[in-house]
Each structure stands twice: as C-alpha cells, then as structure tokens.
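So the structure is just underneath, and the comments pick up after that.
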Amino acid sequence: MTIPWLTLAIALPALGALGVALMPRDRSEHAKRIALAVSVATLAVVIAIAVQFEPGGPRLQFEQVQSWIPRFGVHYAVGVDGISLVLIALAALLVPLVLLAAWRDTADFPDDGKGYFALVLVLEAMMIGVFAATDVFLFYVFFEVMLIPVYFMIGRYGRGADRARAAMKFLLYSLFGGLLMLVAVIGVYVASARAGEPTFLWTELTGPEGALSGLDTTVAIWLFLGFFVAFAIKAPMWPVHTWLPTAAGSARPGTAVLLVGVLDKVGTYGMLRYCLELFPQAAHWFVWPVIVLSLISIVYGAVLAIGQTDMLRLIAYTSVSHFGFIILGIFAMTSQAQAGAALYMVNHGLATGALFLVVGFLIARQGSAQLEDYRGVQRVAPRLAGMFLIAGLAGLSLPGLSPFVSEFLVFVGTFAAYPVPAVIAAVGVVLAALYILWLYQRTMTGPTPDRLRSMPDLSGRELLAVAPLIALIIGFGLVPRPLLEPVTPAVEQTMEQIDVTDPAPSLDEAEAGAAADQTEGVGE
Amino acid sequence: MELYTPILVLGGLAAAFALFSLFAAHIAGPRRYNRAKLEPYECGIEPTPQPSGGGRFTVKYYLTAMLFIIFDIEIIFLYPWAVHLDALGLFGLIAVVLFLVNVSIAYAYEWRRGGLEWD
Amino acid sequence: MTSTIVAGSPALTTVAQADPYLEGFGGDPWWLIGGKVLAIFGFCVVMALLLIWGERRIIGRMQNRLGPNRHGPFGILQSLADGIKLALKEDIVPAKVDKVVYVLAPVLSTVPAFMALAIVPFGPEVTIFGQETHLQLTDLPVGVLLVLATASMGVYGIVLGAWASGSPYALLGGLRSSAQVISYEIAMALSFVAVFMFAGTMTTSGVVEAQAGGNTITLFGTEVWAPSWFAIVLLPSFVIYVITMVGETNRLPFDLAEGEGEIVGGFHTEYSSLKFALFFLAEYINMVTVSAIAVTLFLGGYHAPPPVTAFWAGANDGWWPLMWFMLKLVVVLFFFIWLRASLPRVRYDQLMKLGWKVLIPVQLVWIVAVATMRVLQSEQAGTAVVVSVVFTMLALIVAAIVMWDRSVSRQEAAEAAEAAAQEAALRDNPMHGGFPVPPKNAPHYGSSVAAEPRVSRQEPRKEVTGA
Amino acid sequence: MDPMNYILLAAVLFTIGAVGVLVRRNAIIVFMCVELMLNACNLAFVSFARMHGTIEGQIVAFFVMVVAAAEVVVGLAIIMQIFRTRRSASIDDASLLKH
Amino acid sequence: MLTAGGTLASLDPAVQEAPNIDYLMLAPMLVVFGAAVLGVVVEAFVPRAHRRPTQLVLAFVGLVVAFVCLLVQVRELPADSPGVTIAFATVAIDRPTLFLHGTVLLLALASLLLFAANRREAFAPQAATIPGSEEEREHEEAESEHTEVYPLVLFAVLGMLLFPASNDFLTMFVALEVLSFPLYLLCGLARTRRLFSQEAALKYFLLGAYSSAFFLFGIALVFGYAGSVHFVDIDEAAAAGGAGVVEQGEPLLMLGIALVAVGLLFKVGAVPFHNWKPDVYQGAPTPVTALMASGTVVAAFGGLLRVFFLAFDGLTWDWRPMLWIVAILTMVVAAAIAVTQRDVKRLLAYSSVVHAGFILTAVVAASPEGLAGALFYLAAYGFTTVGAFAVVTLVRVREGGAEAGELSQWAGLGRSHPLLAGALALFLLAFAGIPLTSGFIGKFAVFEAALAAGAAPLVVVGVLASAITAFFYVRIIVLMYFSEPQEEGPWVVTPGPLTGSVIGVGVAATLVLGIMPGPVFDHLLPQPAQEGVPEEASPMDMYVR
C-alpha cells in the first residue's frame, strides 16, 4: 500500500487543529469553516478506508509499522480490523456533525470558538489514533493524551459554574485509571522482555504464539486488572461511573456527543481488544465478577436515569446502562454477544449522539437542560420533536432501529452462555422504555407554555447535523449487514485468539453461523 | 606520644601557676567595697549602657576573620609542600603556583572591593 | 615524620619514615622531663622579669633618664617588687563582667605563652647526670606549628578577656588586638615557608642543624662562601618575620591594642591585680618566645656565629651553645626595646594596611620566587632557563609595581581633581552640596577661610563590601 | 592506646554535635555544632588512617579543614546578615522559618 | 646547588614520578572553573559600568566552550570501555557522566539566561544592606547590583559537574561543597521578601551543612571499613569482607552507607530530608531556584547513582530496603503535602520532592535500565523545571510588583496570556506524566526498570502518587484556564528574548524528549547489557572502574 491511509486520517485533523489554533482571533469564522472542511476531508479518508476494507481479508488491514522508541520496543503501529474500523468511522462521522451543531453556540465562548473547534479536531485525531493503534504503548499514549482536549472542552468551553470541577473530576478519574494501566503496560513490556525480545506490538504479544502466552496466571490477573480498571472507568461502569453524569452535565452537547458517543467506547473497545486478547486466561477468571458489575450498571443506570431532572445527565445515565449491555456482551464470550457488543458501540454512538444533539438544540434555544423548562415542544417545533422521538426510540432499542439489532444479539449471545444474567439484563430494557418515553412525554407533549411559543423549529443547519444520524439509525436498523460484515470476522478471530468457542449446546459452529444469519434477517 | 607529653606537663605547670596567682591575689589583696569601682571604666562619666552580648562592632573585624581563615588554609597547604619541595619538584611547584594564583585572585578581589580598607 | 606524597596509583600509599631529627627525643626519663619543664618555666619567668626591668633601664638610658634603680643592684629587683605590689592590690571584678570567662581569660593567655617554648632548642645534645639529652624540652614533627598554634590560642585570652569585661574600651581593644594578631600571624606563617623549603623539615632542631656550619653556593660555576643563617639566605623572610613578631606581640610601634591615647588599656582595661600581671607576663613571655624562634629559625640557633668558629674550634661543644643562644636572644630582645624607644605608634589603618597589603603579597611573591629557583636548581635546569625565568619574574614584578603605582597616582589625581572641582563649585556657590553654609557675602560672615568642602549627596556611591 | 578509642571519641563528639544542632535554637551555636561534627569526622579519618597505615585519611582531613573553613566564611556571612536585620527596625518573628 | 647541610629527608623513590593528567578529559570543568575565576578577576578590576556585560559574556562563553569541549570528549572517549579515569583516578569520565555533564551545562545555560533577564527584579541591589533601611533605598536608587552572582553560578556549576564525575568520596565531598556554598549565598539575595530569603538561606545553609557532616561521617566509617575512599576500592573491599583493620566491620559499613545516603538524599531532597526544599525554593530568587531545582537535582542524583551503583554495588541487598522505604515515603508524603500548597514555588518544590521519589525507584532497580531511566528522567525533569520557573519569573502581582507566588493570583492567566499559560500547562502536564511529554517517557523508563527488578509495589505506590500529583498540577491549569481573573489580575511581563528562549527551550525539550526519545536512549544514554540475562546485568558495567 502506498498511501498510509490511517496515518493520513490521524494527521489530517491534527494538522487541521494546529492550523485552526494558529488562526488569528478575529478570523474565527474562517477557523470554523476550515475545521469543518478538515473534518469532512477526514471523513472522506475514512470512507475511503472503509471502502477498501476487505471483510474477508486478513484481520489487520492498512497496517503500518515503524519503530519509534527502539529501546522500549515501541512502534508507531497502526492497522484496523472490522471493529476498530466501524468505530473510526463513527468518530469521523460524528465530528463534522458536532461541528455543524455547535456552529452558532460559539458566541459566548471566550475566543469565539476557535479553540473549541481546534480541540475537537485534536480529539478526532486522538480518537482515530486510539482505535487504529496496534501497539500497546501507542494505544496508551493516545488513550491518555485524549484526556487533555476533552478536559479543556469541558472545563473551558463547558456549561454552568461547576464545569471546572467536572473537568477536574473527569481528568482525575481517567488519569487514575490511566496510571494503573501504565503499570500494566510496563508489566506487559517486562513480561515480553522476559519472554525474549521486548515488544509492544499487539500482533506479537497476542495469540498462542505471542510473547504473553507463557504468562503466569497470577501476573496475568494483575495486569488484566490494571487494564480493566482503566477501561471500566472510561466505559463507564458502575461503581466508577460517577464522573460521566457530572462531565456530560457540564459539557456542551457537542462535547457530550463525542464523549459518550466515541470516547467512552475506547473503554469497551479496550476490553475487547486488550483485556481479552492479551490476557485470555485472566479474562476467563474475571467473567463472573464483570458480568455482575455490568448487570448492576444496567439496572442502576436505568433507575437513576429515571430520576434525573437534567436532560444531559439523564442521557448520561442511560449510557451507563447501555455500556453495561456492551460489557455484558463482551464478557459473555460468545460470538453473537461480542458481535452485538461491537455493533452496540456504533449504534449507541449514533443514537446517543442524536439525542445529545437534539437536546443541544433545545439548550441553544432556551439555555436550559432542565426537564421542567420544557413542555409541549412538539406543537411549536415538530421537526425537532420528531428527531427527538426517533433518537429516543433508538435509545430504547425499538425494533427497526439499529440499536435493536445489537441489543438483540447481546441478549441471544448472553442467554446461550449465561441465561440468568440475560434475564436480569432484560429489566434494563423495560426501564429504558420507561425513561425514554417519560422524557419525551414530559418535554414534548402537553400544552405549550407561553414562553415556548416563539421557539423556532430546527434550522437547515441543525437538520443537516442531526439528519444523517437519524438516517443511519433507521438505515442500519433495516440493513445491518454493512456493519456486521466487517465486525463478524473480527469477533470470530478474537474468539479464536482467546480460545473460546460458542457454548451453544445444541448447535455446532456452522449452525451458530446460521443463527447469526437469522438474526440479521430479523432486522430486515 | 612521648614527644607531646612534656608540652602537656609544661602547660599544666603554667596553668597551675596562673591559677595559683589568681588565688593568691584573692587571698592577699584587700577588699573595699565601692560601687563606682565595680562599674566599667569609662573616663569618669556614667558608663554607656551596653547591649547584651558585647554590643555591635564594625563588620571589618568579621572580614578580617574571614580573610584570616582563607589565608590560614592556604598556609595549611603550603607547609607540606614546602617541606617536601625537593621531592615534589616541578609538578608540585606548578600545582602550588596555580593554587596561589587562585587565592591571590580572591585576595585581589577583596582588596579592590575595599575589604582591606581600614578607617 | 611521614612523607606525604601521592603516588601514581589510585591508592594513596604511605611510607612511614622516622625523622632523623626526632630520634633523640621522647626517650627522656621522667625526672629529666620534670627538670627541663621547671627550667623552662623558671627561664620564662626570670626572663620576663629581667626583660621588664631591662626595658625600663634601657629606655631610660635612651631618653636620658635613669630608670628604676632602687631595688637591688641597678634596680634589678624592680620587676619583682612590682609583682609583689600587684599581688597585694585589690582584685577588682567589675559588676557587669561574665565571671567565669573573665577569670579564665588571663590563664588562657598565659599558658600558651609558656608552652611555645617547649620546642625551642637551647642547645645541642649534652650529658646531664649521665643521661644524654638535648637542651630542648621536646621536638615535634610539626614543631614550628606549635608556635603558631599557641599564638592563636593566645588570641582567645585576649578576645575572651575583652568580651567578658563588658566595657567598650576593652571590647574595642580586644577586637583590634585579635585582628592585629591574626593578621600578622598569616605573614609570620608565610615567612616560615621559605625556611621549611630549605630545611626540608619542620622540626626546630632540624632547622637549626640546617643552619650549621658555613655552606658554599655554586652560582654560575663558581663556588662562593655563603653564610649559613637563614636570616641571610632568606633575608626577605627574616625581615618580614621581624616585623610580624613585633606585630604579633602587640609591641610598639604596633601596640594599638592598648593605645592609651585612644582606648585606655585596651583589652585589659578592666583587669587589675595579678590578673593584670598575668596578661603582662604573657606579653613579655611572648616576646621571649618569638625572639627565641627568630634565633632558632633565622639566626642559626645555638650555633656559634660563623667567625667565632674560625678561631675557636670548641665553640660549639658541650654547653657553650647555650651561651650563643642566650646572646642571640638578648640581641633580639634588645632590638624590641630599641624599637619601642625609637618609633612612634602607627595608626591602626596603617598597621592593617602594612600587614595585608604589603607583607602578605610580598611574601607570596617571595615564596614563589624561592621555590622556583630551588626547583630549577634541583631539576638541573640550564643557565639559560634559570636566567630567563628570573628575568620573567623580575619583569612581572616590576610591571606589577609600575601598574600599581600608576593606578595609585591615577587615583590620587582623580581625587585631587574631584577635590578641586568641589572647591571650585563651593567658591561659586557656597550652598553647593546642600550643606547649609551661609553665603560668603552675608553681612556677619566675613571670614576668609574657605569652607570645608563637603561630599555631595549626588556623588556616585562608593562601593562597599559587606558593610 | 587503642586507636578504636579515638573512633569512639569521634563518634561521641559527632553525636554531641548532631544532638546540639537539633536542640539548640541559636544559629551560631547550631553552626558551631556542625563544625564540631566536621571535626569529629576529621578525628575519625585520622584515626582510621592510622589504623590502616595509609595517609589517605589524613589527606581527607586536610580537605575537610578547608571545606570547614569555607563553610565558616559562608555561614557566618549568612548568619551575620540575619542578625543585622533582626536588630534593626522591622523584625519579623523567627517564625518565618517554621513553615 | 645550595645544600642545607644535607638535611633533606630521603624520600621514597616511588613518589617521584609526576602524575599524568588528561587535561582534555577535564576540559569542561577546567573551562567553567577558569571562567569563574576570571569572573572574580573581572569583579576586582573591571569598572562597575562594564562589569555586567563582561560577566555575562564571560559566563556564557565559559559554559558554551565547556559544552563544546564536552562534545569533543564524547568523540574522544574510547569505544571499547565505559570511559576513563583521570588525575589519580579521582575523576571518572564515562558515559553517564558525560550525559549528566551535558544536561547540567545546558540547564545552567538556561538558568543563566534567567539570571540575566531578571537581575533587577530578582536580586537585591545590595545584599549587605538591612531590608527596609535608608541604605538599601540608596542602593536601589543607585541601581547597584551584585554582578558576583555570575561567578557564583559558575562555581556552583563547577560543583555540579564534578559531583557526578567524582570517583572517590573525597572528591565527591569537595564537589558537594563547591556546589552548595555558592547556592547558600545566592539563596539569600532575593529582592522582595528579603527577610524570608535570608532565612531561607540560613535554613538551607544550616541543614545543608548538617547533612554534609553526616555524609562526611559516613565516608569516615566506610573508609574505616574499606581502607580507602575510592569507589572501586570500596567495592572490592566490601567484596573481600573489609580491609581487615576493624574486626567484624559490617555494622560500620552499614552505618556508613546509611549516613552517606543521608547526605545524598538531602541533596536530592528525599523525604525525610526534604524540609529545606519548599522554604528555599520559595525564598530564593526565582532564577536561583531554577538553577537549584534543575542543575542541583541532576548533579546530586548523578552522584547518588554513582555511589550506589559503583561503590556499593556489591551491597545492593543491604541498601535496597532502605531506599525502598525512602522512595515510598518520598512519593507519598510529598505528594500528600503538596496538595495543600498555595504558593507556586512551594508547590514546585514539593513536586520536585515527589519526582525525586520517582527517580529513586529507578535507583532501587539497580540495573542498567534503571541507570538509563534515571538519567533520562533527570534530563527531562531538568528542562521542564527550568521552563516552569522561567514562567514563574514573568507573572507578577501587579505592574512592576513582586512575583505572584500565591496560586490564587494566577487565576485567569490562560485567558489573558494563552501562550504563556499554554507553556506552563505543558510543563505541568509533563510533571504529571501525560504521554507525548518528556515526563511520561521518564516515568515509563524508571517504572519499567523498577518493575523489571521486581519492585512492583513501589511502582504501584509511584503510580498512586502520580495520580495525587496530577491533582495539584491540574488545579493550576484549572486556575489559569477556568477561573475568572481577579480584579487586579496577574500582570505578566512580556518575556524578553532571554526568558522567552528559556521557555522555548523548555517547551522544545519537553516535547522532543516526549515524542522522539529514541535517539537519546540509543545514542546518549548507557545501553543495557547486551549479553546475558537482564536480571544479572549490573549497572556497574556502565561506569568506568
């Protein structure tokens, strides 16, 4: 391959961010346009990657490996498999939409939003990098550096008086996890050095032939824990989720979209990619504890979401619940569940992103995210309400919308291995219906108070920002194949790596594949 | 050690003599109380009140003490060298000259900046 | 004696060597030690008493007076009588003194004075009651350092006595005195360096031996008779030693510490009775000590002066050297007294200036010069090298003196110009400098005397260091 | 005499100095205690040098003396400066140090 | 020839040979020393008006020439051995030394720029005057200044160069004092808060002298055990069970090591010997603090590494537990105290203590990787620190006022001066160990070494301490970016070319060492042992014997 596509996708927004940051302050309109253009260009690059990706090809494609710090066996190594590809695509898609949505929000920013747009681009580079990295060290670098732009996006460009504290909370939680992960990363290095040549390359570390294959189980458990805690904080999982509602509540909706939509997926992605594949023996050891925690997350998040009065916080809590589903799917260790989890990551990004965007439009109109400030919006702003409804229904995984496919897969996969947890998790679905519908009912229906009468409906720009998401939610709900096609082989390879086969008692593997096909058919 | 014993004996004798003298003066001298006699001598006027600890004095004395230390140390190094000058030869000479140059620079600094001015 | 030279290996090795000069010491029986100690003690006290008397007589003679002549023949018992008188005086301890230190200070001053004489060689090896021994209490590998050490300890007596007195005069005198002593001690110590170079030892007996007999010096191929005294070979060192020994003992013309005109009695203002006598005694013993050191290190010690041996072969045998030593000692002591009779007291700043700005730099240059010459000789450098080094050094010295002279004259010229400018400015405007001088043309101010120029406030500040 | 006795003496002196630094409040006395410690070190060096039969320890002692002298110069300069300040008008309490 | 009666003591012929000194290998130190001495001459003879420029040029040229000499040295060093020893093997020039020398020289250059840029603001016009006195005011009006600071800095730098290069305890002790004395004096020269500055100097001096006395007594005990003060000899003597003079001398040796460690740990500022750091950092003029915080720490750790890795190499099992405890204490206690600090310089001081703890974890590792990691950490930390203090010199309470020490006075700096605040934020993130900064690579390197040596609990403690420290670094960032400026607001001096370049160098070093540390590890730092099992490699092989 002659064109380093992935590097291009990382470098483009990074350089764009630099350019935007260096623009003079009185040209911030230009800065915004440049930022949007860069993000669209990045999207184009990512689409190009996606088009060239061969689902049946080798696991890692578009690989690029370059020695970085030879002393520590660190490489600049990027490459994508199906799972990371869809997540990169999600990130690349959401960024221009967020920029578009935030276009008019920038008046009250200290520097007319120039800095904010630059930070978003930096974040985009980091997000693509973190999913593309195939070197543990590089992954860690992206994982940690990502905090900085988010920190400033919340703390400096956020909403409300509490934003500095929220930013700090976010940073400290993440740093704490990150530092624990650092120990584990170093541990991986030391372990690989003991096994021979020290390396951080994911490809050389994993697998039965990998440098970590001979790892002592006790050590592996500790290292697993180091990674897992970091990812659990990021995901966010009960009981280390508390930063998310605060952060999301104080963030701009655009920030929240990226935060919940993409950033937190790093946690679940990391569990799938690193926790499971680097330390399969430890992962088996941890299955039950993690499942319990994820169940608590599902129920707890849903229950708390019901009680929220702030829309942003409410959505954040729903996410806690949804992330519980994802983690449950990952640790159920069946191919359906994991495929569902991978899919869920994308779909959740789309659905929650749309929800946040719409709430953002509301906030832009009324300056408040409180439920009680809104009533009967659907009369004055039907398009807005419509979008809100679809996004909300996606959030409760209504069949026909894309999250349904993933949630269903997770259920099926989990039930096959762990029926009781699957049943408990179903409680979450019921609660989801409750909080979403209630949310819609309280804000959109009913008599419109006078102060809302003059509220404008969605403008063209706003529509442009949210419509693609809605379209994709519906589209993938009907035809999930484009997502499943790249994800499934990756999941199967993962299963292979960690030496797990589907437990389906009555079905052999071929039939399991057929079952997967059937589930695809459900969507259609 | 035998070399040093006689010095100590001599010192002891001297100390005994001095202490005896003090004692003798105490015994032999008269004792007549007079308040004025017990005050510090100050040409007949009322003595100036003295701050505790001996009062203030000019920093010059401090500078002299510092200089003394510097040169005393210099001498510490010169003596062994001088005694073995013949054995140390040219190398020793050059080393000591370099050393002296450095000390002289400190000395010149002190001189030029008025550390050696007494008024 | 150990040779303290670093070998070329990482581990610093040592070769313990018995110093040949120390072989005869340390073996005395206890009764001999006791006898010697008593003899030195007695010698000190008697010398001090005689010195005081002699000083008064000689000065009297020089000033066309009689001096003390009542007690004993020629008044020789005058000092003893003074001592007894002091003992019978009231021992006043002022109320404000720090008692313990005040009482101990005279002791601290006296003891070191005695101790320094322990290493002075009064004569060569003699036989006392069948016991071969040196006419010297003991000798040390670092012999001469003992002199410096005791001199330094003597300063404690002065400083502590002054401080404990609680009187401004005493304090000022004590500080002055100690500053003076330590200043001159440096020059004194430096003056020993050249001696050690030539003697190759720090034992006093070794230094004396090094001055024995007449030496020949090979200079440019011809043998020249050279005097063996270091006072002649190392004349600059000797001159400086003589100056410093006067300064070190606080004697005229350097007796600023007790400059009666300024600070009454100096550090012992508050002392009376035998305490005062102890200070007094210490001062005179110190004179004896430094004179004895002068004799030992520079004047050939107990050896007979060179011409004597030419016609009296036995002059250095048996107990005779003791006589030569005493003679030399008396000559040096006479010199002390002579100085006192002849010279006025210097100002304190002149004293310190002499010590710091003349004696020390001259010494340093001299030491380097001597060492260079000696090393060049022992390395057998060619004549050309020697000559060129000598000329280079001379040139450097001359250049330094010229530059110094020029800088001094420049400074003087600048000061003169400034003074002239001040005067001119004052002539034009009596108010110049801000000093409230009534204008000259004021009706009642007709004096023709020029007003004293005042330093103006606007003048750039002189730099100060420390103060 | 057993050279070990000198070592013990050195240790005692060192301890006295070390304790003195901790218990005394006067800067000059603290400073003198430090000097005492240095001199105790010198004693130890010289005694050990004697025991080992080398002069390395004596050489160290020489350098320590030099260093101690330089320390006196520097230390007294600082202490004097503070004392001059303290005696003059505005005296801040010594609590500045007790941070 | 004049013979003084043939009285010269006959001398051992072994001592006659003149020593051979490789002056090129000493060149950097000699150059710095020469410049310092010349500086004193300048003080004595150059008229006052010309002194400052002369001193500045002299100091800069001295340091730059020293650095050039260093580059030549790097080429001259024999390829097949770790280095060479010079002058009776009292000085060792090997790769760790050269790296430290280069670091120290560059840091000193940067600090010197700060000295030059802040001479009026940072230093008292005349140190000898009494604060608040008429005399002081006069000096202020006359614009007096202490140009002596430049030679003093050079002397301190000389000590910093000699300290890690010394190959025996005597040289090390002398270097320690050469390094310390000028700093004691420089500490008391602050223009504002003179009393505080003077007390800081006093405290620094007394504690410094106290600790060096411990150091010295430790040396004496080790000397008593080993019969030598040379590191290599000590190592050999320890292996052989002592020099045989003292029966059952191990307690002597242990006590000696402990006391030596006290002296060294004081200089690096490890808990419980850290008390001086906050006061001194706060009280000293900021350029001096910059020099101390960067150069001194580098030099002190250089010496510490050499002592523990060379002289006490065979005794690793004896000193390791002690350093374990010290490292843990240092990281935890300092991090905990730092959280409560309200003053920028005190905060940086405590942060310096924490970093000392991190580096100590690499010392505990006692491996070539640990050595390399510690060296890298030192360089990374040094440059970042210099940059941070350079920023501190710029922020003032009000126009023409004193430096803004209180953290609260920094509120809103990010809004008014985004670039400056950005630089400081970068430095703080580097301190916190965020990836893509030098601090992260440094932390990675030291923790990696410690973990490889089996000190996992230490690493975990280190990581937790990092998290705590991150809290207070981030708090400053919060203050700068997220808080409203106070009414008076911080007033920022426009950085001149001098301060500007220091900050620039700090930023560049922080980023370059963070993003491309490979060349430094591959070419400048000692390499891990190529052959054999890693666990058995000794850091001693990195040093010249």
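A few notes on this one:
Labels for the chains are A, B, C, D and E, by order of writing; each one numbers its residues from 1.
Operating definition for what follows: a contact is a pair of C-beta atoms (placed from the backbone, for glycine too) under 8 Å apart; a residue touches a chain by one contact, two chains touch by 3 or more.
Remember, it's a predicted structure, so these values are computed and weren't measured experimentally.
Considering the contact criterion stated above, the chains in touch with chain A and with chain D alike are E.
Distance between Cα centroids is largest for the pairing of chain C with A. Closest to the middle of the protein, by Cα centroid, lies chain E. For the criterion of most C-beta pairs in contact, the winning chain pair is B-C.
Chain B and chain E have centres, each the mean of its CA atoms, that are 38 Å apart. If you average the CA atoms of chain C and of chain D, the two centres end up 31 Å from each other. With centres defined as mean CA coordinates, chain D is found 20 Å away from chain B. Averaged C-alpha coordinates give centres for chain B and chain C that are 13 Å from one another.
Residue positions of chain B touching 2 or more other chains: 59, 62, 65, 72, 84, 86-87, 89-90, 111, 113.
Contact with two or more other chains is made by residues 8-9, 11, 15, 19, 128, 228 of chain E.
Multi-chain contact residues of chain D, defined as those touching 2 or more other chains: 54, 56, 59, 70, 77.
Put simply, chain C touches chain B in their complex at residues 3-5, 22, 25-28, 33-34, 36-38, 40-41, 86-96, 103, 106-107, 110-115, 117-119, 137-141, 145-146, 163, 165-172, 175, 179, 182-183, 185-186, 189-190, 192-194, 196-197, 200-202, 264, 269-270, 273-275, 277-278, 348-349, 352-353, 356-357, 360-361, 364, 367-368, 371-372, 374-375, 378-379, 462-467. Within the complex, the chain E residues that touch chain D are 127-128, 130-133, 169-170, 173-174, 177, 181, 184-185, 188, 194-196, 198-199, 201-203, 205-206, 209-210, 213-214, 216-217, 219-221, 223-224, 227-229, 243, 245-246, 278-279. Interface of chain B with chain C (complex): residues 2-7, 9-11, 13-15, 17-19, 21-22, 24-26, 28-32, 37-43, 47-48, 50, 54-55, 57-65, 67-68, 71-72, 75, 78-80, 82-90, 92-93, 96-97, 100, 104, 107, 110-111, 113-119.
In the complex of the two chains, the chain A residues touching chain E come out as 67-72, 110, 140-142, 144-145, 147-148, 151-152, 155-156, 163-164, 167-168, 171-172, 175-176, 179-180, 182-183, 186-187, 189-190, 193, 222.
Every residue of chain E that touches chain A in the complex is listed here, in rising order: 372, 414-415, 429, 432-436, 440-441, 443-445, 447-448, 451-452, 456, 459-460, 463-464, 466-467, 470-471, 474-475, 478, 481-483, 517-518, 521-522, 534.
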